[in-house]
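Below: a set of structures, written as structure tokens.
Consider the two complexes below, in which chain A is the common component and chain B and chain C are the respective partners.
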Partner chain A sequence: MVSPGVWIASLIDGLLLGFVYGLAAMGLTLIWGVMRVINLAHGPIIALGMFGVYLLFAYGGVHPYLGLFAVALLGLLVGILIYAIAVHRVLTAPHLSTLLATFSINMMIIGTGTALFTTTPRNIDISLGRLVLGPVVLLGTRLLAALAAVLIAAGLYVFLYRTTLGKMVRAVASNRAAAELMGIPSARVLAFSFGLGTMLAAVAGGLIATFFPFTILSGGAYELKSFVICVLGGLGNPTGALLGGLILGALEGLIPIVLPVSWVPVIEFLLFVLLLLLRPQGLLGER
Partner chain B sequence: MMRWMKMSGILVILAMLAACAAPTPPAPTATPAGPAQPAAQPSPTPAASPTPAVKKIVLGFTASQTGKLTKESKEQVQGLQLWLEDLQRAGGIRLPDGTVIQVELKFYDDESTKERVQQLYVKLINEDKADFLISPYSSGLADAAAVIAEQYGKIMITTGAASDSTYEKGYQHIFQIYTPASRYLTGAIDFLKKLDPNARRIAIVYENEKFSTDVVNAAKPYAESQGFEVVLFEGYETGTTDFGPFINKIMAARPDAIIGGGHFQDGSTLAKQLFEKKVPVKMIALLVAPAVPEFAQLGDAAVGVIGPSQWEPGARYSPDSAKAAGLPWYGPTVDQFVSAYKAKYGYEPGYHAAGGYAAGLVLQKAIEEAGSIETEKVKAALEKMDLMTFYGRIKFDTGKAHGKQIGHEMVYLQWQKDASGNLIRPIIWPEAAQAAKPIYPLSR
Partner chain C sequence: MAMLEVHSLSSGYGEVQILWDLSFRLEPGRLTTLIGANGSGKTTTLRTVMGLIRPWRGAVFFDGQDITMLPPYRKAAMGLIMVPEGRQLFADMTVMENLEMGAVTGRARVRFRQNLERVFNLFPRLKERRNQKAGTLSGGEQQMLAIARALMAEPRILFLDEPSLGLSPLLVLNLFEIIRRLKAEGLTMLLVEQNVHLALAISDYAYVLSSGRIELEGPAREVARDDRVRKAYLGL
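On to the complex of A and B.
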């Protein structure tokens, strides 16, 4: 039957991708955690991250990993812009308003992106070699992407728990009115948090672009994965998102060994529904 | 908790909406190639004869200028445009009664989607009054267009569309230029059997769509009949970018050879990832992608990959080979086509371009033979056609699978490096057409 080497190789493949999925999901979960907004422009932002790295690389000759820094900064600014234009005004309205507002942004980005870039797939052609350990072949680009995801997740944790600005973000998240009374400029903190969320999504997109081909529509698949991951880990919980990403990645790696690959989404969403029924607060969420 | 579930419900629905909502790029671009100036014609017979009557016909089709099929479609359209240029230079199609037919091309962007194809073919027929149709690129799109063409009783020459099933629906107006899918990978299996009698295990990994499924559904029983064991037979979704799970499965199945693939994007991604992971197989034969010149961008990952091809610049069809086969020859020679294409577009044509040119050429010949532009007469001429061109032999089935191509044969190419390290793709099968020694087994 299937040798243990195949299981290990598939698991590691899945986990390496899982870190990047987790990173993207952290962006979604952070925005939810701070302002109770589900960002439906999450997918296109991921795609914009891909295109950011691609355009810098293809036209500016910037190495993709250097390009990521620029993409991070742009992601932050774009997020703040989206917040100011579309989200701030409807923040206290019922949830459907923020859903529709971010969904409009989603359609605008996709429409403009299709007009500008068409839906012809793009590719960033770099190779960082490979590492062969018995049955396991590790690709440099995937390893580096996983490493970057871990570092960024750690950075986010330090930021939220160890810096003044991070503490402000958490204060606004737990009680906006009280934070405002303590002199925290909540509108600006919210804008910044939204920016931070889109930054994470854009960087995750940039990392994915270094190993998979993509179009402006590619973000959609990762957006769906992000939702599953967020629910899995507990919405609003960045650590949970990373854990959820790893679980999803592992499933994507392991399920195909025993079932046809087309069953993967079926099982993923079955899990999603079961979790909503049995443990709606997620694995790491509090009731 | 209830609120939670409601929220999640809305969220999933919206997310799916977002995923499904196809983008709506701007209106289709119509780029009609200007009709030839009747004045520019060289007069066929000196003085005496009266000015020939000039008729204009519209040849309609859609091109995938956006979406996943852009590369292949572009080549095909370029081939067709080159045909039109040659035709215009010759002054148009001359009928026996002296009438001169001028052809105008009319096309729109179908965004690589069936929905657009069907809307646009209706538009081509009703609004643009297209007299004849050429298919879009790919079996799926051509099949969608064939329904419309047949409904309106218009002749459609399909090119870039190899799937067999389109011709098994009883259509009477659809004529296929490509060798059908059922004969696409059988040659690769013959090749493997001939070169390595010890090879026993084949993995078949293919795109879950019309054309590729037709190919592998014919290749699988063929492989088994040749004594091979199919150790993996699995499809992947169109648009797959991560072949990791498949590669791990292939590793587990330990095949001697991998065959399958689908179109350019997924096929080249698969080839790249197989190389990155150093999958130890002796032969890789993939559909479509290796035959597209851009496959060379993969560099070392391309080396050794075999692809079936409808036609290659090194093909050896000639007026002499036509004579030997007892067939009439029609149109330019291989060299004339290749050099004209190179002069116009700056690189060698692949089979998609040749198919585009051949589609125009076959229609031209049929109109000449029919001496008319009436659909039924041209149809009869197509049914009778059996000739040799630079692209190979053309003959259509007139029985149960009406319109299916039965004259044309495949060749197999393999990406190799020449002495100076440049990527080339010589024909390696069938043996009679071999232009280079095949690389076997792959050294990975």
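On to the complex of A and C.
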């Protein structure tokens, strides 16, 4: 019989992780929502975020949480670059073209990354101590990562609903031609939105790197999680992504109590398939 | 001098040419109408002038400046504003947000407050519904919002593409009353309409488009008396 304390501790641990998963998924869902592109370079971007924080810390002595700001900026710029080089010209082509274009970017990042960094696992050696609340022990790094994810998600919401540029992003997402006719430079707004999506992915990667070891290939697993989360929350819905992240995080916390940990992806993807069959619009979706 | 001068414009979709050497001019402060049957190229004309479709040949001059190849957003920034066919609102954004998105260019932003007041005076219903999502408005309200959004952009020329489409007869009359008021305020407009009778009645000048070519042009009153027009479009 597992004590209730273990259940609570695992649930909270999973939820903390879930916020970060949700953040990564928001990047994927934002890009889909604005321009109907499934970014198959999402995973490698997450891995680049991990390496960004790691390299700045290991070689530049930059504190990981400070490094995150640099990683955010780089994530934005890399995304804009990817959009300009690979996405913009195939944006109006059938979906297969954007899938292939972003998949090529995926392969390029992984190939270059493997050559540069090999696939030896790295980790960022920091500790923020732990918080003990009765039976619940919380790692400081996870607590801070969850807090950062919540703040960034709130920031994204404020940006999209309260600033002119954010509203332009929504306008272009809603009707690109009409936005252009009203004087909104839609190509630039799209490039920026793509950058915003990759920024979220890179930052999520940087946060994950503060508590899990990683290689350049690690992004793939989180990319798959992002897909499950996006479908849970309704593709294109950032708020839904956060909710989906929490659900996935909770599952990851709780399943290992009753089953071997290797069952986690099995159950996650079973959920994914069931959702696609029963509620493809997502838990929060309307249509 | 004409405010907008379109010179020998040709364009189309893919391999299919729709417009053939189209030339027309818009004089400042005048309401010009472009009429013609379905598929005659009216919407294509507007889309080509605005830059949503790349012109094949020909030129567009605005205030004597060649703007043929500018993208739509640059043209909008100069004051060429189009109310597209089928409203094309930002459906999941509120009425107020739609109006804000009308006023993103530099010249519109500085007059945001005055224009908002003007638009709410013109369409009091929009003021009542300013926090409602545009997609939940009725058809008539959506058309009001589409025009209001365009007016927020501080247009120097307003292009109206089939504004009466899908409106009840009463709403069509309201719409034309609004257009008449805008005309009285001195706004330069190009009206593309299926409702030929009403369009000719309120316009100063008319062009008749047929198979992508200008078939006839002249003061609206004279065009309305033309036998071909009476037979083909007015059912007389």
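Everything that follows uses one rule, which is that the second predicted complex is superposed on the first by the 287 of 287 C-alpha atoms of A that agree within 3 Å, B and C clash if a C-alpha of one lies under 4 Å from a C-alpha of the other, contacts with A are read in each partner's own complex, and residues count from 1 in each chain.
Going forward, a residue touches a chain if its C-beta (ideal position, glycine included) is under 8 Å from a C-beta of that chain, and two chains touch if they have at least 3 such contacts.
The shown structure was predicted, so the numbers you read here are calculated from the model rather than taken from an experiment.
K.L.:
In the superposed arrangement, does A:H88 touch chain B (first), chain C (second), both or neither?
P.N.:
neither
K.L.:
Applying the document's definition of touch, where does A:R279 land relative to chain B and chain C: first, second, both, or neither?
P.N.:
Neither partner.
K.L.:
Report for A:T164: first if it touches chain B alone, second if chain C alone, otherwise both or neither.
P.N.:
Touch partner of A:T164: chain C, not chain B.
K.L.:
Check whether A:L40 is in contact with chain B, with chain C, with both or with neither, and answer first, second, both or neither.
P.N.:
first
K.L.:
Mind working out whether A:P185 is in touch with chain B, chain C, both or neither, as first, second, both or neither?
P.N.:
second
K.L.:
After lining up the shared chain so the two structures overlap, which partner does A:G253 touch, if you call chain B first and chain C second: first, second, both or neither?
P.N.:
first
K.L.:
Specify the partner with more touching residues on chain A, choosing between chain B and chain C.
P.N.:
Looking at chain B versus chain C, the one contacting more residues of chain A is B.
K.L.:
Sort out for me which residues of chain B touch chain A in the complex.
P.N.:
Touch residues, chain B against chain A: 1, 4-5, 7-8, 10-12, 14-19, 21, 23-26, 65-68, 70-71, 111-112, 208, 234-237, 241-242, 244-246, 248-249, 251-252, 265, 269, 276-278, 297.
K.L.:
Which residues of chain C touch chain A in their complex?
P.N.:
These residues of chain C touch chain A: 50, 52, 71-73, 76-77, 81-82, 84, 88-93, 97, 100-102, 104-105, 108, 149-150, 153.
K.L.:
In the complex of these two chains, what residues of chain A are touching chain B?
P.N.:
That would be residues 2-3, 6, 9-10, 13-14, 17, 38, 40, 43, 95-96, 99, 103, 106-107, 110-111, 113-115, 118-121, 125, 127, 130, 132, 135, 137, 139, 212-214, 216-218, 220-221, 223-224, 227, 231, 252-253, 255-257, 260-262, 264, 272, 276, 280 of chain A.
K.L.:
Inside the complex, what are the residues of chain A that reach chain C?
P.N.:
164, 167-168, 170-171, 174-175, 177-186
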